[in-house]
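Chain IDs A, B, C and D follow the sequence of writing; residue 1 opens each chain.
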Amino acid sequence: MTDPVLSLAGLFPPVPTAFDDQGDLNLDAFQANMERWNSEPLDGYVVGGSNGEFALLSPDERLAVVRAARQAIPQDRFLIGGAGAESTRGTLHLCQGMAEIGADALLLVTPSYYKALMTTSALVNHYTYIADRASVPLILYNVPANTGLNLPAEAAIELASHPRIIGMKDSGGDIVRIAGLVEATPPDFQVLAGSASFLLAGLSVGAVGCVPALGNLAAEHLARLMSLFHAGDIEGARLIQQAMLAPNRAVTSQYGVPGLKAGLDLRGYYGGPVRGPLQGLSESDRNDIERILRKAEIL
Amino acid sequence: MTDPVLSLAGLFPPVPTAFDDQGDLNLDAFQANMERWNSEPLDGYVVGGSNGEFALLSPDERLAVVRAARQAIPQDRFLIGGAGAESTRGTLHLCQGMAEIGADALLLVTPSYYKALMTTSALVNHYTYIADRASVPLILYNVPANTGLNLPAEAAIELASHPRIIGMKDSGGDIVRIAGLVEATPPDFQVLAGSASFLLAGLSVGAVGCVPALGNLAAEHLARLMSLFHAGDIEGARLIQQAMLAPNRAVTSQYGVPGLKAGLDLRGYYGGPVRGPLQGLSESDRNDIERILRKAEIL
Amino acid sequence: MTDPVLSLAGLFPPVPTAFDDQGDLNLDAFQANMERWNSEPLDGYVVGGSNGEFALLSPDERLAVVRAARQAIPQDRFLIGGAGAESTRGTLHLCQGMAEIGADALLLVTPSYYKALMTTSALVNHYTYIADRASVPLILYNVPANTGLNLPAEAAIELASHPRIIGMKDSGGDIVRIAGLVEATPPDFQVLAGSASFLLAGLSVGAVGCVPALGNLAAEHLARLMSLFHAGDIEGARLIQQAMLAPNRAVTSQYGVPGLKAGLDLRGYYGGPVRGPLQGLSESDRNDIERILRKAEIL
Amino acid sequence: MTDPVLSLAGLFPPVPTAFDDQGDLNLDAFQANMERWNSEPLDGYVVGGSNGEFALLSPDERLAVVRAARQAIPQDRFLIGGAGAESTRGTLHLCQGMAEIGADALLLVTPSYYKALMTTSALVNHYTYIADRASVPLILYNVPANTGLNLPAEAAIELASHPRIIGMKDSGGDIVRIAGLVEATPPDFQVLAGSASFLLAGLSVGAVGCVPALGNLAAEHLARLMSLFHAGDIEGARLIQQAMLAPNRAVTSQYGVPGLKAGLDLRGYYGGPVRGPLQGLSESDRNDIERILRKAEIL
């Protein structure tokens, strides 16, 4: 790539999709959330990612959410569209649609249903086919907790040399793997920590940024962690990292998207309902989240 | 259920979906295949299941395949439509569409993308919501090799009391679990072995039928295994079971859907291409399959 | 093997080791238990297996338990000694000691601490080294729930041709694997189900016997299941199999050796304490076991 | 603890045990190795750990190795003895023996054979029983790649308050877990990275030291990484960390103890044979290791 590279150094939270009480898209509430995030210290957004409940949206809904986001996001912040699908042709279709709408880059989760056949060869072919035809930069997305599949490091390393594939979001949390990906890929291949829980560790081994669900709630804390790290104050960064562990867990592995939406409600954003088969939280779980966010000074 | 129950005792192979060289549906070839299967000793078909590459089809394509199958299947054979989707609303939509087309029953794979949140409670709610609204019988579908999720036995046992949920296809191969499901569910809840590799073991612990990928190629062998078992000739059934292990592995865990389609080509059916990210087989793999099928006297 | 083969067709429960209140061996109580089992419809015993807490015994204690068992077991019942250890030399040492004491055969669990290196080659070398030097028949022992290692089927198949290796106990419960082992090994290689939970399924695919923890408590039920199976009454066998699922689970995966010893206490045998880090059961867990055994008519 | 705490800040490589060609202990060669390590920038040693093939030694041999090490290690370097065993009583016996010999602290791997029963409660009781009776400080040891068991974080956090339990070696590499352990335990509870592959990431989240197999070969590199980190030069530390990934993998997950011993041979130490069931390396594997060590400037 001879053009100035789209820089992924920074924070790109995966924004939730807003639904109304009937379970339909609530794009007004979604755009109102976006306006508020625009005043937070963030560098862009992942729209229609795992936290955006993309797996529960129809293809048309996925495009509609990206379109609504594009209207609400200023040009100096990146819109990264979640465009992964199980089939190669379905993925390409979404990529083309989101690129036309104005997505700056696209995040492509590994196909995983036929996981026994998702060899390095199959995945390299899948991503290469799309990258050869895509008009915007692509970011690989490894999230074994959802897919039950770990994108082989060999596949990522091979794909990193494709000029359209600029980076990878790794949510697996295997820090040795992340260090190895940084070491084995070209300097302009950008690795993103897939969760705030290993942001500091990720930065220490060469990740440049993060796609933190917690960034929807605690952008300032995470931005401060990054700036302390870059200023060489590891101890300071470490203290923030420690404080962010419990709230990060609450809105990811512990309570998931329902927990994240409950956190948004508590912070005065629109959280609202999740789609089935996800379930809303009990009152007691919401209270637990409130307590955790307060203790971490996020509320 | 006071009506005569839809009996799942028998063989219901999951038929592959046919594509042309451009990767589009080839419904003519699909219907020609169906005509041939209609003369085999089978009791019905699963249309649009995992071996039907449902995960690589659009919702409209999934309905089109069921429609084409319905035209080709005589009324005395059951058409079981694969109608599972990640979202509850998407699943219901497919259920309604397939019921209108004439599916006799529907097979509902577990949603799995948000697997950490797919608790017994969430899955019971998901299936109950659909069962309360469905107009045809439903069959639960557990296939951890694809979904990375094991439908909790507790969930299946609870759901077994719903009048619309008549059985379960279990492809996990855990024979103790299958025995336990038979033991803990009402007598009219029907358990299906999800693969021919544990057909005999499944029958021995109370499964009533099977959804065997291998049934697309070796219906006679499997029908004979079942009739020997029911005649009390376990030793005879065991010899067939042993002979079927290698070909079953070839068209499932070893070579997957591409292997099954290669087997169809070899048997004179239309196999044809798979959709990406699945990949066609090498010549050497096809030769391996041919050798295996010949040795088992399937060719 | 040209000698009459040691037949493993039958029931060989893995007998618990008895400890006194100080945690020392209680060989008197152990021998008293053995006397009672001798009047049950059993074909032999595994002494010093997983249910014998072998992993918590010193090498000297392991030999002492086999010696005590030999004194109590009539010559027409087989004594199978658990002689596996992590090191090849340690395993051989135990094999020689137990053979001298009079063990009829030896059960050798897979070494597993260096599991990443326990390749087919390493395991074949390990077992072959011992088999070449052993003076009694050997039985492979695969128990992934304890070892975290699945003995590769390829290794077992290769080892099955060694004249000193007469069979395999597989506790993994993967019935397709068991069927495949029967299919791929010589007719005189004998496969044993490692748990009563898949006894019927195991018999149906060609296993000849079982090493059931539950056999310590319910020998008559299991012996009846086997004789019904051999008489062709699968339905009768299946009803017993179903009734045995809950008690089997109670004394294996649910409550483990402490549960088995509690069951012995309830049946009037000497159960007694387990060794740390195993823990005795709470009163409520003991009551649960009593309830389960009563319901299955074992008490 | 009111005494000056034994500080685990630093590098404590797990030294291999030396065998002669008959497979017996070669304590002379072992002590000669120790003399050379004494001139390297190390802070102490783990003797009889996983890399010391403890699982393949008899209890007497384990004590003999610690005794030989004590003779060769100066008083200003710590000798940490590997004293874990499956049984609580066996572990205590080793602890007492090694303390008498002069071990400064003891490393206690989780018992794991009865892994389904190794609940938080069982593990807390096991370690507490020993800690209440031990005369030297204890270090918990979590190594799921060998044990197939992940010491529950809750157990570690509870045990961290015992005055005799001063820290934990975690070899699992889960950096979020390590960060969480640092956060949830008292300031004087010391967490050690169990492998050089996540040394930098570990330090960044609060680990104080490391037990690196690679430290037997590359003490200077790792010591330099640590001092750069403490000087705030993360980028410099990161470059060393990257260069150490391949050699670390070679002597751990890729080639294991046989690889580590091959590396010792190449560096002029005594490597020598491993014990069965471990196997020596092929010539081609040894050449691969030589190439990797040269590229990393360890040779």
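We adopt the following convention: a contact is a pair of C-beta atoms (placed from the backbone, for glycine too) under 8 Å apart; a residue touches a chain by one contact, two chains touch by 3 or more.
Since the model is a prediction, treat every value here as computed from it, not as a measurement.
Number of steps on the shortest path from chain A to chain C, with steps defined by chain touch: 2.
If you compare B-C with C-D, the chain pair joined by more contacting C-beta pairs is C-D. Inter-chain spacing, taken between the CA centroids of chain B and chain D, is 50 Å.
The distance from the centre of chain C to the centre of chain D, each centre being the mean of the chain's C-alpha atoms, comes to 35 Å.
Contact of a single residue of chain B with at least two other chains is seen at no position. Touching chain A in their complex are the following residues of chain D: 173-176, 179-180, 182-183, 195, 197-198, 200-201, 203-206, 229, 232, 234, 237-238, 241-242, 245. For chain B in complex with chain A, the residues that touch the partner chain are 23, 50, 55-59, 86-90, 111-118, 121-123, 125-126, 129, 145-149, 253, 256-258, 275-279.
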